[in-house]
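If you scroll down you'll find the structure; I have some questions about it.
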């Protein structure tokens, strides 16, 4: 089940020396932030402070973090409704994220968008999209624009295994390659759509990697629970993109620890599956690696405490933020700030 | 009479028809093993097996295309599109294919199928999971459009839709899934294309659909109690075919019509109805036709904002009262 | 003043804006090397090169998605969807993505783009290549909707749409491509959201769009000559924003309104307009509001049938005359 | 350019003995009928008797004929706006086809559908679809229905090279394979979309065959100008489908002699390209083969004369058929025959 996926195309590093301590700490911090913000989000559900739905990426943090660590300022992220992590790793504020989940004024979207649409354009987080597949074509547009403007920006577009079976996936991949766009498609294969195993509805074993050839792309599979591995592939693909050599498609094998969304207890999963993946939980794995590479337990504890403190602070600020006022309900439909459709 | 939720009535309607006719098959995302993301289809896989109740990939065009092809060749498929917003990803199959196949082939092709979908707001899901899009469907010649407001209607109208020889879009209001109501025992089937007068009054006719129906009824009670305004409330139930005869006859009795729509304003079904009344009953009207709608704005996610947008009992009450002056 | 065809005015408008602003780019199927299947974009590739004028695969979702992503990040794309019927295959990008991005992100995202498309009937192309779907777009909050009836408006409104910071759907009526008209020399730009009173009368206001405009004008002439009925004719030009002030003021002068729509009847723009007038001007009206539309039927291909369906000068003339009694 | 495409997966027959004279004559007759009906259609345009658009398959007849010869009664055909040939080979009447093109009462669709929507359900011709890609999902539905009803019917779905880049293609192929449906997808690669060469907008060289693997399917390329080759592949794929072994995807290389549609002179094609393909025109090639295999010139001439005579007769009948009456305009929107949307 949770067997280490085969690594293709990039050499299988035996040590992690190539990552270096600065990046390694950064990748750990990013994973910690994702984990603790989402655990907090889960608590807030239970307290009924989050009203709508919400899709946690618990267990999948290494992917967001690996890319977050590799991306540069100005690069673009496009992600899905399961996009808290991808938005956070670009630097969006925890208060903004948690506030949005609670529908407060301080939310990234002022309460208009909600959990499924987190966006922070100033950080390059170009939106979370809740209709499966839609953001792949949009992401290629951002990449096209960067190519046209010769801005050297790379676009990274995250999506799930289930997304590989919808038409927009196909159209976007083909056009990206034909136009040699600087875009990286990252399929987070967590084995499930909502509740249905991806293997039951897909004609190939690796829903993204086995289709790369259909777009003239290399087939790349990466261990999505290892932030270093993700980071390496991210770096390589971003370099390729920046050098004008076109898109990449990366399939990262991973698992979500919680159900699909707030309402889902996840009881369609076979006995032992979650447990076996919890043994490869990216957070404790990465924590051990830090220690292996010489960080002291105290240093690690301090990092953890710092993140938790910041999450707690953000939570309090967000909780005390008022709900949006009636006035904002009708703003920002149009570029002039209004919602007027007649004179 | 059994007491069922709106949610349970869905499976009940499907079950009734699948038992009756083995050509009825059912497909969609997470509808089989998981019983649907809204738990509307629990038990159907166990009862009818994986050949008749099929989980699909996330491929809405393939889902509706497969339903259409099967309908053209002898089956009577029911397809689920999880949220009605997702009709946009397979709109071609709805608007250009299933709606037009019979006419374009001069009747050679029949498309007896039902597309069920969870429609509407109130769940704080935000702009891409909360839309009321029954007017999208109403604008397309060749599709029937149904939107029930009660468990009994869910079952009866769904059964009728399944037996109908035309493509039917069946809009379930997701905020109504938890409501309860009595449903007749034994086989239950309603007729498509009939509105229902739920309350008869003399001063004004309030015409509502789906989630707006219980709200209109409550507003009507309040109007009676507080202001002595006596309102008829009609549940449209079916937008295509449209039961203009019931609606026009009530409006001619009361001399006034107010529509209550959940969809954003422009080109909603209330506009169509208003235009019919303004053309055919102009001289019978005692006052303007008023439309109460969600403003023409994408739906916000925060509960405070969403509640301000979708017509509430308070707003219906106020606007009807104001219009009577 | 140059004499241009409606077709030539398309390229002229694009050219004017591409010269002015290098962030304007243009993509679509067969638009570059071939100059468009309706020859509306001939010469643009030569003038602006293959980086700014790009042929695409048959991938409408990718076309509009790419346009949207580019618009979000600094460009001002123009995307062509060859026939408006094909909007159905990329409706998600239109209705759920480009229309909602700004609102959902509380203004963080801007989507300054134009989707041009050949709309409407009269070419005997049958039900999947002849639809008038401007009402599909009008029903979606967050998109502007424009439909010109003359070469000058094609150029001026297209230029305005390109400069607008919102997503604009630009419907070109394919049966009008061959018509000629004068277009001002030099830079020409019109304002979005303004209707145009093309003829002022005292008895009735006829409101029309696109192909229905020349027909309404001809019917108005005939009404004047034969029956002494004096009609105002308004070209709506823009459905969103809607110039209700011009329309309502004309209707209040004449006391009557008749809309002429090419779309199949249900939920057309005429219904919306009718409902606005029925609500806001009820006491100023002298008679019913009448809608003249294509019947609510998919469009037939044979010339005899198609001509019976789309409102003709004869039918407009007859229906207006009848409504005046 | 018009180089003989490589033949994969089925052994490269040296002689055509396996086809047999009966089938061979049948394949020739089918190609002749297609060719002459379409040439007549072209004449009728020039006489302005066909008012709308029309898309000819001149040059591509061998594909329709090869499949037409291999299909059995009850099998389903789904095709595109370029579907005259595919409809004719199933047995639809020439009068019905030509009448529909002219918008006459005798037309297959009574004038309601036109050239792009030819359908003859009684012959298994389940419709011509004018929106790129749409009929692939619909075809899998017919195949699903046949599978469910255990009827042993096979569905064949024809489309062009350009169609491989639209989302519906991807969704249909995947679902067909997951459900092991008895459906054959036939990509007629005529090198062009409308006017744009397919190679300029596609990430792989063989737009269908190079993507077969993305759906767990075998990559099959066939010479689409050789009716025998097409027939063999058709037979094999139909057998596979009937035995419950699921779908096939076949890419047939071919060329259209005329422009994309009525309005198109085809002048975007490089010099000599058409000429080189005309050397491989399926009709004269097949005619020579008949002679090689022992048919006399007289027998062939007789076949040709017979087809031409029937086409001429059909044309006269269609021409004298009146246009549809006003009454039918509003019939057959609904199954009760009406178009009523209100009471």
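We just call them A, B, C and D in the order they show up, numbering each chain from 1.
We take it that contacts are C-beta pairs under 8 Å (C-beta built on N, C-alpha and C of every residue); 3 or more make two chains touch, one makes a residue touch a chain.
Since the structure is predicted, the reported quantities are computational estimates derived from the model, not experimental observations.
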Of C-D and A-C, the pair joined by more C-beta contact pairs is A-C
Farthest CA centroid from subunit A: chain D
Cα centre of subunit A to Cα centre of subunit B, whole Å, reads 36
Subunit A and subunit C have mean C-alpha positions lying a whole-number Å distance apart equal to 40
Between the Cα centroids of subunit B and subunit C the separation in whole angstrom comes to 30
Where subunit D touches two or more other chains at once, the residues are 109, 112-113, 117, 129, 131, 133-134, 165-168, 171, 174-175, 178, 200-202, 328, 333, 339, 341
Subunit C touches at least 2 other chains through residues 56-57, 59-61, 85-86, 88-89, 92, 96, 103-104, 126-128, 141-142, 240, 266, 296-298, 300-301
In the complex, the residues of subunit B that touch subunit D are 25, 51, 54, 56-57, 59-75, 77, 92-93, 96-97, 101-110, 112, 141-142, 164-166, 193, 240-245, 276
Subunit C partner, complex, touching residues on subunit D are 51-53, 103-104, 107, 109, 111-117, 129-134, 162-163, 165-168, 193-196, 200-202, 263, 268, 323-324, 326, 328-330, 333, 339, 341
Within the complex, subunit A is touched by subunit B residues 29-30, 33-34, 37, 55-61, 85-86, 88-89, 123-129, 266, 295-298, 300-305, 308-309
Residue positions on subunit A within touch of subunit D in the complex are 165-171, 173-175, 177-178, 200-204, 210-211, 213-217
Touching subunit C in the complex, subunit B uses residues 85-86, 88-89, 91-92, 94-96, 99-100, 103-104, 126-128, 135-136, 138-142, 240, 263-272, 274-275, 277-280, 282-283, 285, 287-291, 296-298, 300-301
